[in-house]
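Working notes for the structure below.
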Amino acid sequence: MEEPRLSTWERRTEWPMAALAVAFLIAYAWQVLHVSRPQWLHLGLEIVLWVIWVVFAGEYLIRLALAERKIRFIWRHLFDLLAVALPMVRQLRVLRLVTVLRVLNRQASAAFRGRVAIYVAIVTVLVSFCAALAVLDAERSNPDAGIDSFPKALWWTLTTISTVGYGDVYPTTWEGRLVAASLMIGGIALLGVITGMIASWLLERIRAADENLEGAIQQESDDLRAELRTLQAEIRELRRQLSDQEPSPPRPVS
Amino acid sequence: MEEPRLSTWERRTEWPMAALAVAFLIAYAWQVLHVSRPQWLHLGLEIVLWVIWVVFAGEYLIRLALAERKIRFIWRHLFDLLAVALPMVRQLRVLRLVTVLRVLNRQASAAFRGRVAIYVAIVTVLVSFCAALAVLDAERSNPDAGIDSFPKALWWTLTTISTVGYGDVYPTTWEGRLVAASLMIGGIALLGVITGMIASWLLERIRAADENLEGAIQQESDDLRAELRTLQAEIRELRRQLSDQEPSPPRPVS
Amino acid sequence: MEEPRLSTWERRTEWPMAALAVAFLIAYAWQVLHVSRPQWLHLGLEIVLWVIWVVFAGEYLIRLALAERKIRFIWRHLFDLLAVALPMVRQLRVLRLVTVLRVLNRQASAAFRGRVAIYVAIVTVLVSFCAALAVLDAERSNPDAGIDSFPKALWWTLTTISTVGYGDVYPTTWEGRLVAASLMIGGIALLGVITGMIASWLLERIRAADENLEGAIQQESDDLRAELRTLQAEIRELRRQLSDQEPSPPRPVS
Amino acid sequence: MEEPRLSTWERRTEWPMAALAVAFLIAYAWQVLHVSRPQWLHLGLEIVLWVIWVVFAGEYLIRLALAERKIRFIWRHLFDLLAVALPMVRQLRVLRLVTVLRVLNRQASAAFRGRVAIYVAIVTVLVSFCAALAVLDAERSNPDAGIDSFPKALWWTLTTISTVGYGDVYPTTWEGRLVAASLMIGGIALLGVITGMIASWLLERIRAADENLEGAIQQESDDLRAELRTLQAEIRELRRQLSDQEPSPPRPVS
């Protein structure tokens, strides 16, 4: 690791951050799905959401502070910065779920390394749920919107991520279209990640097979070398015999 | 096999289960397509469908009873459990075809192992036929539905699985949307299965090539070793000659 | 080749069949695009189309007669049989273009073997052109159809093969939907063919690399063997020396 | 390089051409997005666009003049010729952006070689931006068009390149459909390029692994050869000893 302080911090905050992300998701889902909630509950959930968002923003700043090469950190974690900074704009509030997904994805990709199918299934379910929540939240402001209930929002999510796109329901507000755009871009990115995973897994297998072969070559070569050593020892023995013999025959000559 | 009793049972019930699945499919298709059927036929088909479903459920319970590690069996066959339990809810009746497809798929994947193209073609035709039947069955309850005949249901299935999704016909009832969701998720899963098949077939070829190479290395190495043995034998012969010689030369000295 | 007579015939009729297919395509395009054609031209084109179709059907029968294992020929060329027999039904007339495409595809896949990109481009252009012609021909019978001109038919083809499917234009007649179904299924099949081509090309490269390696192992092993031979020769020389020496030293003893 | 003069010219004009392409893009975007611009600005931008286009056309002619094998140059750069010649027709004006994208793509593919993800992201953003500009420019002539603002044009671009295609907005003019067609074909081509990139990267890795193996074989073989040389030297030493010995023993015989 090039950044020991940063990676220590990240290892330590992994689980608390994931827990916070889940808490955020629950509070957000409650706010969106429980429409006729009393005023105090609305306020309470709003406070929870803002506090967690502030913690996320603070965590980004701490990681930035811990990083030794700050410019490179910002550049490499540009997406984290956007995910934290953009939702400050009221119209981009729905993007807060992107931060949550990034944190949960970090956990999921660590937990399911090597089991691509399970990882993809979990990420897809999670992303679909978040997208349905966010698009419902966004579209509610428009009385003419087609997406007016959670099942319809889920149906829209499904027709979108499968790229079927019947067009019977589609977002009509700009916030909803932002959610749709994130979903589409995220879907394409996910496809890229999966392709990369499969390719790297294939490569790993090929490399393992090659190492196997290299091991076989080494083994055979060592065997041959051992036989050559035996041969060498026998020849040396021969020379010793000759040397023993040598001193005696010349003598009779002298 | 870790579960000898279970796998013996599964091998024995393979064909009867597939036959039952086909019977279910025929009865279901008859019920959906033959609209103006007399009362007694309707009742008869309904009884056939329920009996077969009960047999499927019973078969799941028997497999569970035969399994030695029950928790793991439930976890590994979670999808089978869902496919058997969910259709009990009246609104999820259309999912009964998923059970049928799972049974038939088990047969097809065994019969067409290695011939990916044929397997994919058969599964796709089967899935499309079942989806068209199920969506027609579901949408019929809605007089305003676009999908009101079997050819239209087939046309809808095709525009959906090709992900074209013109939107000229689409399911409007929740049961129909459930069928659509199963079709889309099944389609994505099928794509995953195919990718996996191609990848594993590629790997198998690479592994075969590597074993070939390892064999070649082994062969060459054995050849070399044989030559070394010949050499060793010749050197030993040399030593024997010298030893024969050795006793005599010293003697003249003495 | 297992069927020498059949393959000789196929090699000989390759170019005439391709020429006939092109002639069919031109006559069909003329018929579809030149709406206000005089009666005699209409009749002439119709005769040309029927004659060529009869030639295609005759060619299939001759190939069947030449085949030694008839059942296997029918099974392996099931698609050819369908492509020749189905258009006899008036409603399936538009499928005649499938026969034409099969003949031209045979030529294209032979001519562009190894250049996947060019092959795919040419097949896609050809298929799109035929689909646009066929759908226009089919939809014309319906006065309310959205596809009422060749540019619109091309636009529809493009939105379909890219699977975008806006739904601004879509086939409304059953014949038009048959064309759409063929296009979608053909598109999926084409994707499969391309994937297979890339996979087999990849495998070929891997195999070539492995043969290279095997050659390298052989080479090195031959080198080593040559050195071992030299060694052996030197040891034999040594033994010869010893043998020369041997007879003399013992003699003084005697 | 087979064409030294041409490649020298291309290397020298790389950056000026990219700068011109960016200037064209800015002028075009200004013209499309700043609707209520004064007459003089409109005229100025139009002149800038035409001048840059003339420079592009001139650059093509210079490259053609520098090429030694002119026919092959035209054939290989057929797409460049189309991109320069087609926009002369007033109705195909929107295709001028294709020229711009070709020039920028040349730069991008050189700058991001090996970093497929970044390259794809940049190309996709660039293509989407250009497509949105072009479709807005084209659709503006139609008062009933659904695409009447830049955000809506971007939304349309996104639903198209993700192949979702809800159909809530779609081009209605032929110029707009031409843009859509270019976008779809470009998207499919981009997918092909990416697949090719991944495949060639995979192959490179396999080849590197094979070279590694070949190196290992060579290394082991060299080691064995070195040991054989030692052996040979020892046997020679033995022969020398015997030869030294040989002259003496015979003497006593004499």
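General observations
Labels for the chains are A, B, C and D, by order of writing; each one numbers its residues from 1.
By definition in this document, a contact is a pair of C-beta atoms (placed from the backbone, for glycine too) under 8 Å apart; a residue touches a chain by one contact, two chains touch by 3 or more.
Values in this document were obtained by computation on a predicted structure and should not be read as measured data.
Listing every chain that touches subunit A and subunit D alike gives B, C. The angle of the rotation carrying subunit B onto subunit C, fitted on C-alpha atoms and rounded to the nearest 5, is 90°.
Taken over every residue number at the interface, the positions common to subunit C and subunit D amount to under half, indicating a different-residue contact.
Among the remaining chains, C is positioned farthest from subunit A, on the basis of C-alpha centroids. Centres computed as Cα averages put subunit A at a distance of 28 Å from subunit B. The distance from the centre of subunit B to the centre of subunit D, with each centre set as the mean of the Cα atoms, comes to 40 Å.
Within subunit C, contacts with two or more other chains are made by residues 159, 163-167, 202, 206, 210, 213, 217, 221, 224, 228, 231, 235, 238, 242, 245, 249, 252.
By the touch criterion given at the top, residues 117, 120, 151, 155, 158-159, 162-168, 198, 202, 205-206, 209-210, 212-213, 216-217, 220-221, 223-224, 227-228, 230-231, 234-235, 237-238, 241-242, 244-245, 248-249, 251-252 of subunit A touch subunit B in their complex.
Taken in their complex, subunit A has these residues touching subunit D: 159-160, 163-167, 170, 172, 174, 177, 180-181, 184-185, 187-188, 192, 195, 199, 202-203, 206-207, 210, 213-214, 217-218, 221, 224-225, 228-229, 231-232, 235-236, 238-239, 242-243, 245-246, 249-250, 252-253.
Across the complex, subunit B is touched by residues 163-167, 249, 252 of subunit D.
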